[in-house]
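Sharing a structure below in structure tokens format, with a few things to ask.
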Amino acid sequence: MTQKTWNVYLSGEIHSDWRERIIEGTKAKGLTVNFTSAVTDHDASDMVGVNILGNEEDNFWRDRKASGINSIRTSSQIKAADLVVVRFGPKYKQWNAAFDAGFAVALGKPMVTLHDAELDHPLKEVDEAAKATCRQPEQVVEILSYILS
Amino acid sequence: MTQKTWNVYLSGEIHSDWRERIIEGTKAKGLTVNFTSAVTDHDASDMVGVNILGNEEDNFWRDRKASGINSIRTSSQIKAADLVVVRFGPKYKQWNAAFDAGFAVALGKPMVTLHDAELDHPLKEVDEAAKATCRQPEQVVEILSYILS
Amino acid sequence: MTQKTWNVYLSGEIHSDWRERIIEGTKAKGLTVNFTSAVTDHDASDMVGVNILGNEEDNFWRDRKASGINSIRTSSQIKAADLVVVRFGPKYKQWNAAFDAGFAVALGKPMVTLHDAELDHPLKEVDEAAKATCRQPEQVVEILSYILS
Amino acid sequence: MTQKTWNVYLSGEIHSDWRERIIEGTKAKGLTVNFTSAVTDHDASDMVGVNILGNEEDNFWRDRKASGINSIRTSSQIKAADLVVVRFGPKYKQWNAAFDAGFAVALGKPMVTLHDAELDHPLKEVDEAAKATCRQPEQVVEILSYILS
Amino acid sequence: MTQKTWNVYLSGEIHSDWRERIIEGTKAKGLTVNFTSAVTDHDASDMVGVNILGNEEDNFWRDRKASGINSIRTSSQIKAADLVVVRFGPKYKQWNAAFDAGFAVALGKPMVTLHDAELDHPLKEVDEAAKATCRQPEQVVEILSYILS
Amino acid sequence: MTQKTWNVYLSGEIHSDWRERIIEGTKAKGLTVNFTSAVTDHDASDMVGVNILGNEEDNFWRDRKASGINSIRTSSQIKAADLVVVRFGPKYKQWNAAFDAGFAVALGKPMVTLHDAELDHPLKEVDEAAKATCRQPEQVVEILSYILS
Amino acid sequence: MTQKTWNVYLSGEIHSDWRERIIEGTKAKGLTVNFTSAVTDHDASDMVGVNILGNEEDNFWRDRKASGINSIRTSSQIKAADLVVVRFGPKYKQWNAAFDAGFAVALGKPMVTLHDAELDHPLKEVDEAAKATCRQPEQVVEILSYILS
Amino acid sequence: MTQKTWNVYLSGEIHSDWRERIIEGTKAKGLTVNFTSAVTDHDASDMVGVNILGNEEDNFWRDRKASGINSIRTSSQIKAADLVVVRFGPKYKQWNAAFDAGFAVALGKPMVTLHDAELDHPLKEVDEAAKATCRQPEQVVEILSYILS
């Protein structure tokens, strides 16, 4: 029995090293996983709309231009994913992470959430739709190691 | 040409009267719209799991029991909706609102967002997927009045 | 906000009065729910194939004729259901109940399971896919009362 | 005319060597089939939840944690399968096997069942949805050999 | 438990009274079934294309014009059906009946076939996909009576 | 055999009376058809975005605001339609009509086109996907009369 | 611009060399096409059920066993196909070919039919759903050569 | 994190070099993108029906034969695309481009439009459904470069 290469989409927080810890941990175990993610360079992501399509006076449309281009990438990656991991950090609104979670669940994708216990109550609807709630990135690595065994 | 009765799901903030203003405004215009929503009684919603299924020591599982029952209602209502309105208020995390938005969009439901301009930047991915972004509940009423004309 | 009439499919055990307790309890609360179910007359269900289509020497084909006709009814009812309740009793294999559960979940239907704690371990995969696990039919009535409020 | 590599999911009984007999028999015939399956190490599977995500006092939640992680693997494998083989042995409830069967059928996957004649009657609804009912693993090998010819 | 009104599509042979026998038999039993069917007036059906859209020299295009209009009706009726009954008589090619059968099965509609035993062998692929194979229209009535009980 | 009420979406040209001729012709024949359509008041449709959501300096975003609101209505109506009629007149680009046609066909909706012969060549890809191509609105009425008989 | 490898399913008549002419013609043009098909050895196909699963007294069930196994192969191949070619010869009922055609069309697969003009009238419903009707296998080769250019 | 190879379908205008500019620009940046497109040789495309399937007196059917064969290619390519780029030039009706846009959007494919500002108003419904509107092919290359980074 050989496993397919799993596609895992990593959604959410961009201000800590959780993606690297999952990717490195997976590599250290010799697992072949293909990770995808939104562009995590905050400025590049915010400005991509006006950088490519031209300037906008109004911030609302400046954001719209950027988020339109970014959604080409993220919606395609989520649709191709076998597993979606959604990380919520202690700061910021992170509504795009919760949006990704709802989007993935409606498509029938299994989802794992990753956040501290202090966020359990506001995240209860998201966690309810998750297959597991992890506290540390290494637990996500353990799950991948188990399901790819 | 007669319009079907539209099903409109109202998601998000439960601490202001935006739902009432939309429902009353729609009624005042003589429009026949069927509104649905999560249970908006905060305590009833939080405690429904243990109230019906029995107590839990651990808050995580207490929340899980409640959110499981609540999602029977909300997922069914979103699937039956012709339009989903998602409201973000100035307070709280409101991740369930963003989750509902992602869920609705993945199902191909048209969505309208409702929030102040100060939330535009953190909501840019959600607004990108919306057909319109309103500032006031009365604008939602105007949209319903127009599309039901 | 008025609720649609919910379609609730009742699957599983036919040797106790759990269906009646749910139906009567729901009626007592004044809820308008449309319940559906397989034919629960055990002999009529087993013999429907040969009764209508003609006798079979071989029990395998006798059963096949019956289950073919029964599945016209049950697959159609599950597809039309807003909620599927699956009951496991203390006796018999009840594989059709677990089959119904998997069928419902793959279609995205919310499911509630109903069984004693002693069956928790063998039912762990079914319960994982459920929105709630009840011990008494009256708890199902409570859930219906809540989500239809 | 060259055949694609078939993905075949093997569901059910873990206490006999039926998986090995199918895999070895297929290999002996020189067929290229990719087999997948749940983790069949009973203890590893039961304890994976608490092993990775932390201990639970309550057996119900201990099982839930395990079955959540296991379903990431099994639901993904069933969705990727071209054929699902479901084995029922003489012992245990095996409700997860019947659940897998219902899940697969609702997704439109062809299914083959594998069990003794004494289980025909309780499995009549599952067999009705199957393309073939085998008594011996070698018959499954014969079917694969034929459809891959 | 009240049954929905079932939509039953009657496909195939137009030269015998099998439709009438099913419709009358169902009515005699007091069942509320909504039957649909292609236009069964042979000449009206063949000529509808040129009658409405204008003449054609070439028979191939004359037939195409008719079958385009007829398929608006039949594809819509099959999509709305809860059950599809396909009748094969002793005469003519009746490829449209087999086409309807394949179309219905791919959409997940339960199908019942109705034909004499002498057609069993050439219809084996169609019957394999059917929930029941009847010899007489009255057996279809019996099935409807049972599943609507 | 009684027909359901058909939902027919009328897409395209707003500068001639083709919609009225179809609606009146259908009514004259006593057919019960439910017609839907985009808002056909050209100015109301163009200005709805800024009228409800506030002014825009840039015409591109003014149009975007309007087309977002209009698509709530049209996408919902096309999804609910049993038949889509697309009219191309002799003037203007009418790209929204061709867009509606592609949208409807991808959803599996039967489509009828309505245009003069001089537009046959540029419309060959749209007509290929149509069940019928009419020259006069009265031919659409004839088709409805036939399929509703 | 490089073309993917197309999967083409060849359905229908097994008593002439049309499959070989398409496969050889395609090879001669240097096109890389992956052809699939039912097992075309008539006796092997008819007897596969009893050969693998054991004898049956009744011809109906003997056929059912064979067609169950055959449909594992054909349904999987049609679902994987980019194009379905359906051949009707001058002899036999060939209802499985028409069934395959309906099945393919309901799944949104483009279909090409291949038959003589004398079969045009009985095949009008099948041809209506086809993208092209060919008279000679070499025309199918030409179509493949064009769309793969 | 490695990117999959993206499939990008290029729809629309065939009288300027926009396809070449996108393909060459993408190659110059070292991106691995698989581009697909309709046959862009105007005469080959228009005459393919009669060239392969035989002559037609009537231009309508001559066009139908060609567009049937062309749609085998284009519908298959759009279904396989991760991104659809639709170009509208200053001349001709280009209804097939708008049809492709609607078809792609209904399938949930992200779309980018490419046209001059003077076409903004007639294309407002198409642009509303697009993730970005570009003026120059080089902007499409920039978007591909960004989402493939």
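Order as written gives the chain letters A, B, C, D, E, F, G and H; numbering starts at 1 within each chain.
The rule is short, and it goes like this: a contact is a pair of C-beta atoms (placed from the backbone, for glycine too) under 8 Å apart; a residue touches a chain by one contact, two chains touch by 3 or more.
In this text, all values refer to a predicted model and were calculated from it rather than measured experimentally.
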Comparison of A-B and G-H by number of C-beta pairs in contact, larger one: A-B
Listed chain pair A-B, G-H or E-G that repeats interface C-E [over half of contact pairs the same by residue number]: G-H
Intercentroid distance (Cα basis), subunit C paired with subunit B, Å: 31
Where subunit F and subunit H are represented by their mean Cα positions, the distance between them in whole Å: 24
Whole-Å separation of chain centres (CA-atom averages), subunit C against subunit G: 40
Subunit E: positions in contact with at least two other chains: 68, 71, 108, 133
Interfacial residue positions of subunit C with respect to subunit D in the complex: 59-60, 63-64, 66-68, 70-71, 88, 92-107, 117, 119-129, 133
Residues of subunit H defined as touching subunit G within the complex: 23, 34-37, 39, 44, 48-49, 51-53, 65, 68-69, 71-73, 75-76, 79-80
Residues of subunit C that touch subunit B when the two form their complex: 1-4, 6, 82-83, 108, 110, 112, 130-134, 139, 142-143, 146-147, 149
